[in-house]
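Here the structure is laid out as structure tokens; the discussion comes afterwards.
By letter and in written order, the chains are A, B, C and D; residue numbering begins at 1 in each of them.
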């Protein structure tokens, strides 16, 4: 399984903070394409948004990053702490 | 009268922290020359010391600074606070 | 107990004197302590702000902050450093974040604290949401100036 | 009561939390607070130091510090600033000096605090005398590096 997390505006727009998905995607990009098929808000947030930030297992990642069972993949907007 | 002050190592070397002198000097340089006549430690501290710092009425000054009755003239080494 | 004792993510406020003492504890050869505290401004983007809510990504936050902290130690030979970031609801004038560094000399302490803040702003997974006086909410946008501030430290 | 309420020359120690609160008092539009605290190191020039004694020039000190403080306000549009410098006898790890500045954004606060310290080091009439463990005393020499640090701020 993959543990998928959504933060901040992404969590609100997509209506969930986390979910478990089968580990059938080789890269973050494949996972994003599958998620985008869920509907317009998913497509806009995950494919059309230039500001999408990605982390895999707590490290900054990108669409090419490879993923495997047990990984934690997070999607979020640019950070604004401090 | 002039109020003349000596601080830190100058106070120790010259053996006094302050004194009143008659206001008969036009510039700091004239005052320094008169003080240097008091002996070797005065000459070394006030004329031969490249590090001599001067203030007149709480502002940084130099040998050319003019002085008049009621002024406060201070001599001290480079500052080391903070 | 966190795995990163020099980093605290917490809802509670913090006390500067206490934190500066913790920073210096066990370190004698310190001549300079610089602290930065970020506070909630009552105005943002021209609007009055009533509440600021901070969300973060537990796990990644600590890892990102520790990486920034160790990089600062590497560059400026710090004796000690601490980062505290609050999460949850805060109000105007509240303290949000503290970065504290201790070093032998002041120059390194100033640069290191500034560096940590600039990197924290663009690399640590925190997000701010504002509530305005009319009750409406909005997510705070990332600032281009923060990205530029970070990039000045590129070596 | 001093004529310069934002400057304190005192024998007593100071409390960072209290001073940061005073700094922010009455100022709402503050997003950044930077404090610098200089402390007594137990080693100087390779020798162990037992006591550090600070002498100053009353009257000129306050005037010099106020000039530095106002110059910092001028350059970085600070909301508020405070300087505390202790005099008399101090011991390793004791606090000697505090510079605290508050501004809207962090960059100005960092630069202003750094500037004030660099100028204080070379322009405020304080002198340090060290007592070593064998009881011998020596005046601390001014550092060329402090003069160089000041000169980098020349505009």
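In the analysis below, contacts are C-beta pairs under 8 Å (C-beta built on N, C-alpha and C of every residue); 3 or more make two chains touch, one makes a residue touch a chain.
These figures come from a predicted structure and were not determined experimentally.
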Centroid comparison with subunit D (C-alpha atoms), farthest chain: A
Between subunit C and subunit B, distance of the C-alpha-averaged centres to the nearest whole Å: 49
Chain centre separation (subunit C, subunit D; CA means) in Å: 23
Subunit D, residues touching no fewer than two other chains: 38, 117
Subunit A: positions in contact with at least two other chains: none
Touching pairs - complete list by chain label: A-C, B-D, C-D
Complex contacts: residues of subunit D adjacent to subunit C: 15-18, 20, 24, 28-43, 92-93, 104, 106-107, 109-110, 113-114, 117, 149
Subunit B-touching residues of subunit D, taken from the complex the two chains share: 38, 54-57, 59-60, 63-64, 85, 96-97, 117, 120-129, 139-143, 146
Subunit D-touching residues of subunit B, taken from the complex the two chains share: 5, 7-9, 51, 55, 58-60, 72, 74, 76-82
